[in-house]
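You will see chain A twice below: alongside chain B first, and alongside chain C after that.
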Partner chain A sequence: MIPNLIKRKIFTLLKVQYSNMLEYRVEIALWAISGIIPFFMLNIWTNNDLNASINMSDIMLSRYFLCAFFVRQFSVVWVVFSFEEDSLMGKVSPYLIQPLNPFFRYFAQHLAEQITRFPFALIIACFFFIFNPESIWIPNLSILFLSIISTFLSFLIQFLIQSIVACICFWTEKASSIERLLFIPTLFLSGLLAPVVSFPEYVKSWIYLTPFPYLIDFPANLLSGNATNISGGFSMQILWILLLFPAFKKIWSKGTKKYTAMGS
Partner chain B sequence: MNLRRYLKVYKKFLHTSLASEFEYKANILIDFITAILSLIGSIFLLSIFFQNNSSIGGWDFEEALIIQGIYTILNGITNTWFNPNLTEIVKHIREGTLDFVLLKPIDSQFFISLKKITPSGFLEIILGFCLLLYCIKINQININLSFLILCFITIICSISILYSLWFFISTTTIWFVKTWNATEVLRSFLYIGRFPLNSFSLSLRIFFSVFIPLAFITSIPSEVFLGLSQLWKILLEVFVSIVFLYSSRKFWLFALKFYSSASS
Partner chain C sequence: MVKNIIDVERLSKSFDISSREPGLKGTIKHFFRRKTKSLKVIKNISFKIKEGEIVGFLGANGAGKTTILKMLCGLIYPSEGTISVSGHLPFRRKDNFLKNITLIMGQKQQLIWDLPPIESFYLNASIYDLDKNEAKRRIRKLSDMLEIDNELYIPVRKLSLGQRMKSELLAALIHEPNILFLDEPTLGLDINAQRNLRKFLQKYNEETNATICLTSHYMKDITSLCKRVICVHNGSISYDGKLDLLLKKLTPVKEILLVCHSEKDVLQIENSGFTVKNKTKNEITIKVKNNSITSSLKTILNNFDIEDLYINEPPIDEIIGKILIKKDYDT
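And now, the complex of A and B:
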């Protein structure tokens, strides 16, 4: 009975958000296009033979950057910006009365957006293969499955981090600047612009302890078939989720007590 | 007389937007840290590229830093003026508040382009200048009057090209109401401006000279800075920037004819 109710809730949320997202197709397509930076980076790498020093062939590197593009597409999180707007406008108040944590709503929103985005990402990948036919490959089913899971875990880590940041809205009203600050290390250290193996030693010695390489570098390496420590990567991803989830729960329960219902 | 009136109006704009920005002082501080980290990140990425290569696309590390400096200045200008104002156009059109702008006895383009200001971009401009000063030292560039004048002219030209691009994209929302993400696409393309254009493959180089004139935005000013640029390139840049400014103005006036107010 109870699981059934939860299932219905999840299903309804997803359906509502998916139809909502379908209305903004052009926007989501543009957003997908704005994620093509990894391809420009690939162009710099291969055009200058920079990959010779990290023992990665052109083909493997192009697969890496294509996978980085995909992982990034399906782990984009913007919950801070939605929550900040809702809390500044006082829209959070009705959500708080409902017997459902408002973050489930945002979570469904993100999942629905990913489903809408999927065809656009595939089209971009097709274009990529037209220009680089030699890099076509078919990952085997188990690898594909594992990398989908690790991409989802990466999305979960980013969602939790941003939700924690979003809860800071309860105290300071504007939290998106903190998110922009956190985005800088995510951009440069996650492997979106350069694979983590190419980083200098003094960075590599500590970077694997931070969550950043597990956001893009690990799932992308997994999917593209580059060497990576699979069990180590998964355990670090899960470890970070286990660390972040209680932190989020704590800050949420403290924040809702602080809530002042602005704008209403 | 007219000019004096506009100056007076601009002073009022400055006053109101600075007052509202300084309401969130912690935000400004965090944005400052973000700007510093972002510059460090870009230099880190550049250092990865130069780890085992002495030059990419014919540019040494010390010379590539110049591009980085110019990019940082332009990015600061974008964050201070273009981004806050021109993303506002979308909001004006969606909510129909553009009516109020058009009714005012002042040029609508002036109002829309300069209404707001985000002070956190200033630090980026300053950081960019500091980096350029450092580059003058390490590249042993000797400064004389003609060098300064040429630099000044090319930077002004690239600012006007950049502005026109932003304004172009934002103007298209008059037809496609919901494309807020169009500016994000432009942003991601402009991101490439921090690397030497010669390090890309020929097809991308052509793309970035013709469709998104990055060649004119960061490359030519950097070449002028190094004293490498020929006169025809500078003249071409001046010509292109005038064309861009003129056509963006015409495009705005043309687009306004199609403006059908919303929700009023």
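And now, the complex of A and C:
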């Protein structure tokens, strides 16, 4: 059943969505450029010599923020906005009566967008190395492989969180406002603005219980070669996926009973 | 004996609607205390539809036609009552059920806007588990029937409304569903495109024996496709039966225009007991019951010197207009 689903449906969805994304390549290039927050943060950190307090060298810090940029590029999710728009405009109705959960479409859309985004992210990384030649490094293959997996798991966590929020559309019609609330902890606790290690010890112990540090901080530390608890990080990522997936299924099943097929 | 494919029993649907008073005061009151009320849009309706039937749902805007279709295809959940479509409870949306139905809503599209329709067709084919060769065969067959061979490779955004609607239809029929729910499928199309679409639906029904449930405000769609109609008025069924029987009920008389040689003849006809609708110097229009047309014509032709005569049926749109505002046809 699952191989059939992957082969016939997901693969075709991915292929079609990739063709669709190629129609928007300029937009995607701009989106890639707009994700350079970690480079600004790197500048703030190094110019103010803040990294000394967390025992991280300039080189390791610049590698961390470059990796944070990469992880962000391949884990950014906007499903709540797409679903909200489709739901309000009635576009989701034809998808609901097809033998495929509409979220698979959004999932494929995100993956296709990431594939399209990849060359632009590489070009930006090249520019980064031109200005920071001392930061050039080649991660070993096993670390690279683990980092790709953890980035994908990070994407899955974010996708599930946003899908749950998106399902709130069935009740409130404006689920994106809740997502904006979630954006604040995502921004501050995920490691996008600062490595989580820089937080005070008592705050850190709480942060590590939330899904946020496993979105950017863990995969970025892993890829950049910083010390990190690999098995602990993966366990938490998988645990959050195992918690979020049934929650999504439950809210989806309850929400579709509330669906009124507005706009159609 | 043809079996029932759709069976609806005591079906109702209510929506929670929030309302507020106009003006700033109303807005502030609404902000702090929202008033919602439950609005029953479908009220305790029951009907059955046989396999292969084409049934038209008639009613004014907001009467509840589309809500009924949405419940039949499993898009929305009924508040009360039971629905069985092809032996399934629609709202459970089991794959076996979904592979048997399709819903087409005029002006609502599922095609990917920036890609040629062929991409959406292959995508739908994979969603419905069709292999590539079978998908190709069906696309070829349906595109021949719909006459859209050249448009398959042009981005959807560059197609005309008619071409887009045909492509939507192809995308919705690629899995060869047995039951079609069509909500205003000809909305916005020009007369030729409407006619072609009707021809296609007729042919599809003949070839596949598919059951079709249709709503439309274009009366030609209803009269040329549906033998049976279900009239919906304020969420209740006001008539369920043959269309021609309904038309007979609503138009028990025909109008006969008689062109006479002189005003004297007109006066003679007027004084001979016919119901006169209007008259001019040498023309008179009389109303005659449907069951006495032949005898009335015999009387007129035998007793009066008539230059010409025309028998008029009231325009179909006018009759259907009555349907939309009338509550009951059986009383």
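Definition applied: the second predicted complex is superposed on the first by the 258 of 264 C-alpha atoms of A that agree within 3 Å, B and C clash if a C-alpha of one lies under 4 Å from a C-alpha of the other, contacts with A are read in each partner's own complex, and residues count from 1 in each chain.
Simple rule for what comes next: contacts are C-beta pairs under 8 Å (C-beta built on N, C-alpha and C of every residue); 3 or more make two chains touch, one makes a residue touch a chain.
Bear in mind that the values here come from a model prediction, so they are computed numbers and not experimental data.
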Which superposed partner A:20 touches (first chain B, second chain C, both, neither): second
Contacts of A:136 with chain B and chain C, given as first, second, both or neither: neither
Chain B versus chain C as contact partner of A:122, first or second or both or neither: neither
Which superposed partner A:98 touches (first chain B, second chain C, both, neither): second
Touching partner for A:144 - first (chain B), second (chain C), both, neither: neither
Which superposed partner A:243 touches (first chain B, second chain C, both, neither): neither
Contacts of A:30 with chain B and chain C, given as first, second, both or neither: first
Residue contacts on chain A - larger count, chain B or chain C: B
Chain B versus chain C as contact partner of A:257, first or second or both or neither: second
Common interface residues of chain A - those touching chain B in one complex and chain C in the other: 24
In the complex, chain A residues that touch chain B: 24, 26-28, 30-31, 33-37, 40, 43-44, 47-50, 52-53, 172-174, 177-178, 180-181, 184-185, 187-188, 193-194, 198-200, 203
Complex interface listing, chain C residues touching chain A: 15, 70, 73-77, 91, 93, 95, 98-99, 101-103, 105, 108-110, 112, 114-115, 119-120, 122-124, 126-129, 172
Of chain A, residues touching chain C in the complex: 4, 8-9, 11-13, 16, 19-20, 23-24, 90-91, 93-100, 256-261, 263-264
Chain A contact footprint on chain B (complex, rising order): 24, 26-27, 30-31, 33-34, 37-38, 41-42, 44-45, 47-49, 51-53, 56-57, 176, 178-182, 184-185, 187-188, 191-192, 195, 199-201, 204
